[in-house]
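In the two assemblies presented below, chain A is common to both, partnered first by chain B and then by chain C.
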Partner chain A sequence: MRHWGKVVVGLSLMGLLSGCWSNRPVERRNLALMLGVGPAPHHQIRLIFQIPTRSGLTGLTKGSGASQEASFYLIEGVGATMTDAFAQAQAKTTRDLYLGQVEVVAFSTRLPPTAFEQARNMFSRLGSLDKTAYAVATPSVRRLLALQPRSGELPGIILASNFGCLSCNVEHLERTVWDMETAHYNRGINLWLPLLSAGPHGFEINQMAVYAQDRPVLILTPPETQALGYVMGLTHKGTLTFRWGPHWVALRALDARPHFAMAWKDGRPAIAITLDVTGSLAEYLRGELTPPVLKAVETAAEKDLARRVTAVLARLQQAHVDPVGFGQSWVWFHPTRFARLGSWRQAFAHATISVQVHLRLNDIGDLT
Partner chain B sequence: MHPRRHISPFQFALLIAASYMGFGIFQFPRELVLHAGPDALWGLLLEFAWALAALSLWFRVNRLHPDRPLFAFLPRYLPRSLTDLVAGVTVALHLLLAVVALANFGFLMRTYFLPETPLWAIDGAFVLTAVYIAWYDIAPLARTLETVFTVPALLSIFIGLLLIGRMRFGYALLPTTRLWILPTLRGAYYDAYLFFGFEITMVLYPLVRAEEQATAERYALWAMVMTCAFFLFGYAMVLGVEGPFFLARIQWPTVSANRLVDIEGLFVNKLGLLVVVLWGLMLLAFLALRLWCVIHDVMPSFGSHRLPAYRLWLVTAAALTLSAALAIPSIAPLSQLLMTVVLPAMLGYILGLPLFILAAARFAHRRRPPPRARRLTGTRALGRPRSRLV
Partner chain C sequence: MARPHRPSPAARDVTGPATAAVPAWAEAAVRRLEASEQALARLSPVVVPLLTEVVSLSQRLEQWLDALTADLRAPQGNLDRYGGNVEAAHGRLLATVGTSPDVILRRFGIGRTLRWPALLAFVDGLVDAAMIDRDVLGPLQSAEALPVHDPQSLLNAVQERVVAVGHVTVENVWDQLLTKLVSGNALLFLEGVPEALVLDTVKYPQRSVGRSQTEPSVLGPQEAFTEISLTQMNLLRLRIQSPGLRFTPLTVGNRSLTQVVLVHLDDVTNPALVSAVLQRLRTIRRDSVQTANEVAEYLADRRWTLFPQTRQTDRVEWVAREVMTGKVAVLVANDPFAIILPNTLMDFYRTTQDYASSFWDTTLTRIVRLVALFVGIYLMPLYIALTSVNTDLIPTKLLLTIAGSRAGIPFPPISEVIIMWVIIEVLREASVRLPQQMATTLGTVGAVVVGTAIVKAGVVDDIMIVTVTLTALGLFTSPAFELTSTWRWLFWGFIAAAYVFGIYGIVLMTVAVLTHVTSLENYGVPYFSPWGPLRVRELADSLVRLPLPFLTRRPLSLRTVDARLSHRRTTRQAVDLYAGQRRARRR
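Now for the complex of A and B:
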């Protein structure tokens, strides 16, 4: 009898913490896989939830490809705050909008800074939101979330697997909600997000949006993104094409290991960047590739790459943004050093930057 | 009360470690980084130093009368009224610590795991489990800890290693070469809650066999050194993953970092969150020990030494703890309570009381020399291990 008493008490205690109070069967939930935050008229926020349909989820579980039905639908809400927009979206459905399965959160590049800040603040406070969900910037949230991939698969799943695949992309541009939070609160670094566009053939991810004070101030082109990716350690399958006399030379599979040396010279920062790059020769049409010629190709490639990297860093300096985070250590350990120049952003804008590239082609293929 | 049950030196060390680990592990090292800034590492090392020194100081108090709990021998040195006052303060602080720890974990559970479960259900479940752990007194409590304590500790280290891949702010781990005294002291002060609780040695020490007490002291100190290493590792991981400025804004930095650990393909892919739940075991141990201590401080004053009375006091203390925890509306007033009331009170108690008792004992021994037998062994009241006397 006493033994049974213990069992009953034990089960009761487990019952208290089982979470059954908030349990809702999955068929009564709207599991949002993608979430979009965009601007709405009258300075309001538009919140769009991408909800997989039953056939979308079934196709997912079976692992099959195309489906005749749409694999998802959208629910929208508009409000002065994120909470209002969420409430309005919730009112449009009889099921519980659930954010625990969100794979991708998209922010419009046209989102006003206050709205962006509100969104980030709410996501930080939401205990149920998975902070490892991917965060992206996009020119049009509605267009992005409405894009149905031709494969019929769920967009959120495609994007999540794409970001999670280290060998699928030229640059590893994956950013999470957590990264957004750390970049916002930590000083000496600016937030950047991958720019995700809805192209005619699906998603396009090869650009970077750099933020300053909750507003994207710089959208880098794909070549610029790749060049900056070398400095940030993000580019692992880079390409480089340059003229060599009358012909083109193309390199591929470029991978860089960046090294920085920081100093304070003449009242401003001096940043020396060294890139150790390895790669393969993809196209070379000009005669036999002897060791001196190969060395000359490498030297030409080093110069070209250094020029590209210097150019993109100069653009960052002009925009007063530092997504690399060169100044983080200084801001933490020597916060008074920038007093004369203002913030680190100002100091970075006045910094002298030198770029040195050491490039080795370790694969020239089966042709001399 | 009931036949005395002895505990081994290992159990003693484990109980001492369990008496503080469940309290500050969730919000550590926010206050440290917030107040010490780049000198946080020095602040943490200073904190380790004072904790080890304070524990050694408490052992010196224990050695005054190694076979008796504090409030059984304190009247020899202090007036009865003052002893009662100290006992009352001790009980109040035990309950206060239990309330803060319980409320904190309840809010954490509600934020991350059980958003719609009422707080009374969360806190109630933990209090009832703590009562059950303490129901059969100290020996089963120690054995329970032996079983459950190592798993969360080892898993925490494993999760910490998995976090290395997410470290983006490694620069913040570097120690400053130019030490600022005031921020370092402030950091060590505001983070001192990390070791609150080890003063339960005043009740536990006599439960160790006399010939094993020196060993138990050594084990407890080594356990604290290992705990310091554990906290240092946690500090490095959390700071490196969150960055110093963000860390200072997060309510529960260690939990936020653990949430990032995601192992695809594993049945429980959010392994970091599982570890946080397992840290609940540390909280349970903390609560059970507090309740046990409250009763052992209270019962001698009422002259009751029987098991039914022990259990009655246990349930009363638990009900008080639960009621007070539920009366705290949110984490913001709780943090304020911790920083403005609990922190100065506990720090003053942990550091001030042993010094006061040792001074009072020295004064009393001067006025009334110890028995001849003790003089023959060379003991001069202070600082000698009991094992020499028995």
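Now for the complex of A and C:
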């Protein structure tokens, strides 16, 4: 009898500890694939959930492409707080709004810092939200979430595939909710998010939004993003086109391995950046390509690339933001000096940055 | 309803005009006759056959008593022993087993001229009829110069000179005689000789040695046991021609008197194991033992566990291999399946083909079996857990695929599993019971019903069909039949745990099963060996199989007398061998 008592107590404990009875089949949940956070009138927050429709799901199952029906629909909720907005959105549907499969969380670049802070705070505490969901910034949340790709596929799936693929883009601009957390609690780095916009031909991801104090302070152009990508190790299929005399020279498939050297000189940080770049010569119409000429092309390309990288870093210094994480490296190597710095952003703004590029052309033949 | 009284003709004759001259005894007789007639008239038709039966039984009782009386009147009169009276023996046999049509009692005279009374008893069908005619009756009837003056001399003469049967014994205890008779021996009773000759004329009806239907193998020997114990022993003796091979016969079943033979290698098997198994066999108290499993269930250490502890196989070479390993086998008459014990869990995943094909092939097959087992046990519970409880753990695209597949399905996943599994089990059971041709048709119908119709009807989704199919295939890849039901039971445990607790439940259930398996012991052999306790050397023949030259030792847990499977020559043996070869070359 005592034996059975132990069994019953054990089973009861297991039941209590397991968090069980959350049994709800997948078809009884509203699976939100994309989640957008944008501003609403009267300083409110707008939450937009993108939910796949039945035709969107079955289209995925059957492997068919675009269908006549929309593959998703949106549920919106507006409230003074994130909780209110969520509750309002939940009230518009009879099924459980499930965030465990959110693939992309989009933050409007027009979101007030307080709202951004609220959203970031809530997402960090929301147990059901997967912290590996991709985080992006976007000029218009509603427009982004309403964009139906021409392929008919679900946008969340397309974006997840895009961000999850290292070699699918020129720059691998992948950020997750978890990265937002680490950037927030780390003094030596500024948050950056890929700027995702809804273009006429679909999604456009070739820009970077750099945040400071919960607001985007700098939005880099596509060439700037690519140049900064070399320093951050994000650019893997870069291109470089420059004028060499009367002709254009184009390099492609550029891949860089960055190295930093940090020092304290003349009362300010000195950052030496070395980029080992490899690539292939795509266009050269000047004449015969001999080894000396090739070396000259490499030298010219090194100078041009160093100039571009220096320019974008200078812009970052002007904006007092360090998305690369030089400060983080500084913390690791000089923790006491970093503690005495006060504000890394100020120190970074006055840092001496030198960029040295070593470029080697691996391929000058057929384009691959 | 009483019939009207009608005087019988006899009564009318007696009570006619000459009534005055009728004596008193005649009148009394008449009255008794009338009373009898009235009593008979009152008998219902049901009672008459009963009376006939009573009369018949009375006659048999009379025969039985006559036989007993004859045995009692013998010089050493004893009811339990044959006393030397052939007629009494005939009566006793007739009263005991003689009513059966297959029991032949033949009274005849011994000797061409002597015609000495004798009785031959045998069971038709269990004896070799040609042997009876040629080697027993013929020589007995044509024998001459038999010493009838002394019973013992007559017995000796018949046993040594006349009867041409290989194995002849002498017996006089009736219980033993009757047992020998019904087991196929012929009994020869001689008048005046207080002992009977038991002639081994056994020739059981049996099928030829065929292929194993339950454990087919592409390579290796194909022979399977038959139901006859002697054949079973012969087949084993052919494969183990070692003088150390021992067959220990026992009889189990108080009424079926089934012969059970314990097989072991005297110079290899742990004697404690042999004695323990013998002891268990002797504890079997059943009226009838018809199958090997009825014996096996008495041999298990833990009777309530789901995991089988004895393995049953009809493959001769597998029994031989296991006996050579140091295990014991139990052969049960009338069942072609031999019981092997003790076993570990891994033993149920070894087959003949593992050793008949290359170690690469074996290793791959065993890995496939393990993967199939995991698929069979975990796939469906994971499906339940990931689609109902832990939906955040499944890749999005897969979850959406599942959600799309389940759109419009009226049942939750757990109900689908129950529906599908019931269908699978019904189809399985039906296909087992039906003849082969019908089973094929049933399989086709089942595939159409399960695979197509039920999906089109919207009762079950596509992915569930895939999952159920893989699960069913996985659970049935176990090479030993005994394990299939184990995993099927555990499967439902996992399903329940997954439904209630999700992944957490599956982990808990796994821990529980592992704990139970590691706690099991079978005649002192850890059931989870060689993984628990870890025996590194024995891992060479577990999930992977190394080439046979590397498998040099018997399992440590069997505690065999001889631990080595392959013996290297000692230095002395090598020197002797070399010297012998040199001498041969010189010659």
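By our rule, the second predicted complex is superposed on the first by the 332 of 368 C-alpha atoms of A that agree within 3 Å, B and C clash if a C-alpha of one lies under 4 Å from a C-alpha of the other, contacts with A are read in each partner's own complex, and residues count from 1 in each chain.
By our rule, a residue touches a chain if its C-beta (ideal position, glycine included) is under 8 Å from a C-beta of that chain, and two chains touch if they have at least 3 such contacts.
Computed from a predicted structure; not experimentally measured.
In the superposition on chain A, contact of A:R187 is made with chain B only, not with chain C. Contacts of A:S128 after superposition: both chain B and chain C are touched.
Of the two partner chains placed by the overlay, only chain B lies in contact with A:L16; chain C stays clear of it.
In the superposition on chain A, A:G156 makes contact with chain C only, not with chain B. In the superposed model, C is the one of chain B and chain C that contacts more residues of chain A.
In the superposed model, A:T336 makes contact with neither chain B nor chain C.
Legend: residue contacts after superposition of the two complexes on their common chain; A:L33 is shown touching chain C, with no touch to chain B. By the touch criterion defined above, A:L57 lies against chain C but remains apart from chain B after alignment on the C-alpha atoms of chain A. In the superposition on the C-alpha atoms of chain A, the part of chain A touched by chain B in one complex and by chain C in the other spans residues 19, 21-22, 128, 130.
Across the complex, chain A is touched by residues 387-389, 391-392, 396-397, 399-409, 412-413, 462, 499-502, 504-505, 508 of chain C. Residue ranges on chain B touching chain A, taken from their complex, read 37-38, 109, 111-118, 121-122, 124-125, 128-129, 132, 168-169, 171-172, 174, 176, 242-246, 249, 256, 259-260, 262, 264. Of all the residues in chain A, the ones that touch chain C in their complex are 14-15, 18-27, 29, 31, 33, 52, 54, 56-62, 98, 100-101, 103, 128, 130, 154, 156-157, 160.
Those residues of chain A that touch chain B in the complex are listed here as 9, 13, 16-17, 19, 21-22, 127-128, 130-132, 164, 178-179, 181-182, 184-187, 328-329, 332-333.
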